Amino acid sequence: MEKKRINKDAKIVCNVEIRPGIFLMEVLAPEIAASSFPGQFCMIRAGSIQGFDPLLRRPLSVHQVNEKKGHVKFLYRVVGRGTKALAMQAQGELVEILGPLGRGFEVGKGEIPILVGGGLGVAPLLFLAGQLKGRRAVAIVGAVTKSQLLRLEPFRKTGIEILVSTEDGSFGNRGLVTEVLDRLLSRLDKEARNDVAVFSCGPYPMLRATHHLCQSRDIRCEVSMETAMACGSGLCLGCAVKAKDGGYLHVCREGPCFRAEKLSWE
Amino acid sequence: MEKKRINKDAKIVCNVEIRPGIFLMEVLAPEIAASSFPGQFCMIRAGSIQGFDPLLRRPLSVHQVNEKKGHVKFLYRVVGRGTKALAMQAQGELVEILGPLGRGFEVGKGEIPILVGGGLGVAPLLFLAGQLKGRRAVAIVGAVTKSQLLRLEPFRKTGIEILVSTEDGSFGNRGLVTEVLDRLLSRLDKEARNDVAVFSCGPYPMLRATHHLCQSRDIRCEVSMETAMACGSGLCLGCAVKAKDGGYLHVCREGPCFRAEKLSWE
Amino acid sequence: MTKGGKKEPDIRLRLGQLSLENPVLLASGTCGYGNELFDLVDLRNLGAIVVKGISVEPRTGNPPPRIHETPCGLLNAIGLENVGIERFKTERLPWLQRHKIKTIVNILGNSVSEYEKMAACLDGLEGVHALEVNISCPNVKEGGAAFGIDPKTAAEVTTAVKRACSLPVIVKLSPNVTDICEIATAVEGAGADAVSLINTLIGMAIDIRGRRPVLGNVFGGLSGPAIRPVAVRMVWQVARTVSIPVIGIGGISTYRDAVEFLMAGASAIQVGTATLVDPGAPEKILHGLIDFMVRNNYSSLDELIIRD
Amino acid sequence: MTKGGKKEPDIRLRLGQLSLENPVLLASGTCGYGNELFDLVDLRNLGAIVVKGISVEPRTGNPPPRIHETPCGLLNAIGLENVGIERFKTERLPWLQRHKIKTIVNILGNSVSEYEKMAACLDGLEGVHALEVNISCPNVKEGGAAFGIDPKTAAEVTTAVKRACSLPVIVKLSPNVTDICEIATAVEGAGADAVSLINTLIGMAIDIRGRRPVLGNVFGGLSGPAIRPVAVRMVWQVARTVSIPVIGIGGISTYRDAVEFLMAGASAIQVGTATLVDPGAPEKILHGLIDFMVRNNYSSLDELIIRD
């Protein structure tokens, strides 16, 4: 029996701009807080929208949960009208929310997880990092420049090892997160490579680079994919991405977290 | 040469709910404040609307102006999505505004104006009352019940005579504003009837009753009409109402204030 | 049953041989095969579900991107991805049967004989209560224009399907025609038990940065609130033309929209895009409709219809 | 001219004999006769204005209500209210002439001979730069179906208008047809110098409290952002079918929308409903278009077009 998804209007606990154009929103949704796994997402729409434009809810990854309080956090960038409307919502107002949705990251029991997040890609990874407390694990988080690094403190609090990089070298390692990953993976011997698994979220080129780095070393890699979604719940078949074997996979059901080798990276 | 209309984004100075579902909004629009006449209106849309639904701006009468500060006030009821979106706007946010529009009330030099406003119909009449300072004039304002009476204090401040009525008698005279008008007009002798003119705004049945009361006594009567409007500026020809002579009149150009006898009251 | 002291309205209806408990149906392609909604909607509360269009062979569908949001609308070019009739029967139908969900199977084909084959294959199956024939598909033998744009081919498909099965047959009309009444009349003449309309309007969007059509398939079908005025108009026209029941579809998102179609002459309605946005929408629409009828003293669906 | 160090793109264009300074036009019925906008828009900055449709005799139009807002759209049933050709010439045209505004006159008729008469009457008039022929009007002699839904009558109107005048003739196509390319081809064959599309989609809305159609005329034309995907699709198809210039119309509200139509193959665009919402929209669209072209190194309109 699958887990029950929740479809409701949830109250906003807080919704603050933590960087220019980047918001952290916390909503009261106890059932979703209790049943979400890292890598899963919700479909969300600002309750303040008067009318049918924008029409669709938007997919956002679950960023953190507080089961006790029943809170769920989302970290999002204002891109277009849907996220703009969300950003304009105040504490106490409502959002329409459906979730948790999709297949999250699957971390094997004995695995040493390496989390790789570029930019907003850290959104689902903080939730994952939080669940790895006490385990051996590394998170590589990066951004273009120091001021764009997101949520470093909460990452540090999880207790797992954090490697930071910026493209301009203004903080941490200079370079792309994938370059840090490359160096890290290169240091591993064959046996260690069998133990680690990479979990990655970010822009498509970053995911592809991550996949190739892992593939060439035979390291298990999961990526969180993005596509336009109408329903997020398997009804419309709109979220197809090309599969390795020639057919299609549906990001909202078979994903958003996929074993990278299942996808076509052409 | 006609007066220039202004089309701009104006900042909200304040926007408060003065009665359940009734808002008083003040915007900074000096050119509109300087050039508006009582009975004219603006087309307004909440700047917070992210998208094209609701699509059209909404017509709202100019309620009060403060030429010195460059402020224009609107009094509006939340009816549907357009006014709901307006109501959700906070101080400092923007509204799209086009105005002043249409033909306002025309008060003759020697006339003794009788203003008749039911419910939200007081919106354009307060502006008119304010301009009658020092003149002999009466305003009859009414509502269903005491708690729904609007803007009594500002009306009193204009210095003209104010007659209040409520349908349930909870404040002022018991009955409809048109009943108060009927009694008032009945007391006038033939000569006095030549001197007065009635200016009315409110629901259609009220306007019709006002028209009939005046017509039977040969009293000049102007009414402010409402229709759905797309442009408010004479472009679409959508705001037609039936004219006495069989053709159509356009509320946004030949109105919204009409000599009642020009309209077909069938 | 009474509601707030007033009598609960009778909202049952018949579509040919098929009787439904209420007029709110789920539109094909927006509710999967039902089981995708298992935890979100109790499908037995709705009039019926029209499952995703089924073809003789499985189809993988169009290359992505497949969907794109437009003002108050949704463009989709799913490309009729479906599991094919065999897997539908073995993998999907049993769930619908087991849960006793009133199921209408939407079928599509590229030739008259494909439609016929599907109808024969579904005839008499437990759990299949009616067929909805999607005639907006390309007629491969005749140059690829859709069956539904020509009264002759639309009638041919209808005749073939009726001949091949004894199920109630609903023909789903395409709005991309000059005269939808002509098509409706043709399929009525060919024996259709009901018509449903509208399918999506053909549209497209361009990615101005990428300098290419947004959708992998170039063209897509436009659905959602944007198309509602066109759909209401067509339902109004068709309901005044044919004598068989009409099912209204197109942008229905609230109970008020549903009432609009029922007043225009529809016997039932289908909710499509609104279910994608909010899976709770169909049930809200149903309850809103009942409340509206109670509030305004309508005792049956028939009384809603505006007759001129 | 340069803009931010880059060369200002060349945005002039030709529609047959008519040359325009830029591709942003005002659509018929949404900009009056120009003078209504005197204080809000400098019409000389825009490509041209297409005035409200003119008929032989004045028309009072349809009974109210005439307009109704729908999701991202506007239904209108103005009923072609206009001052008639004589008063247009004496009362309206002089203002347009005096202000040197490039004027395209939209004409409509109920018979081929009415169209012909209008064309003859406008031929050679100072200030009339082209005609736009609205063929979405009912052909009274042939049972009231619109001229624009039949290639034969569409061509007949075009031929008659071309014969009667030496002005550039733009034929404005109705989208309420199965195959708009067929109509476009017919009017091209009949000598049209350009086609413009789309006119409004036929729609309707019902007042569920009043239990009657909202519009006095029952049916109305749907315009605005809601219809844009349908319009872009039709422009794309027609631009790939005919060799004469295509003018894109339908829901254009931002420069991005305009770019979409120009990439789809339009030589120019018209702004309709957006002008009603914000009379400043056409100028914003024009400036946004120029900025877009500068930013992306397009040096002419032609370079925008996607050629497959």
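A, B, C and D are the chain letters, set down in written order, and residue numbers restart from 1 in every chain.
The definition used in the following text is that a contact is a pair of C-beta atoms (placed from the backbone, for glycine too) under 8 Å apart; a residue touches a chain by one contact, two chains touch by 3 or more.
Just so it is clear, the model here is predicted, and its values are computed rather than measured.
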Chains in contact with subunit B and with subunit D: which ones? A, C
Two candidates, B-C and A-C; the one with more touching C-beta pairs is A-C
Counting only Cα atoms for the centres, state how far subunit B is from subunit C in Å. 47
How many angstrom lie between the CA centroids of subunit A and subunit B, rounded to a whole number? 53
Taking the mean of the C-alpha atoms as each chain's centre, how many Å separate subunit A from subunit C? 36
What positions in subunit D touch 2 or more of the other chains? 71-73, 224-226
Subunit B: which residues touch two or more other chains? 51-54
Can the chain contact pattern be summarised as a line, a ring, a star, a complete graph, or none of these (other)? complete
Using the touch definition up top, name the residues of subunit D that touch subunit A in the complex. 71-72, 225
Looking at the complex, which residues from subunit B come into contact with subunit D? 2-5, 7, 45, 51-57, 96, 98, 227-231, 233-242, 246-248
In their shared complex, at which residues does subunit D touch subunit B? 29-32, 36-40, 52, 60-61, 63-69, 71-74, 76, 78, 81, 224-226, 253, 273, 275-280
Once bound in the complex, which stretches of subunit A touch subunit D? 51-53
For the complex, which residues does subunit A have touching subunit B? 48-54, 81-82, 84-85, 88
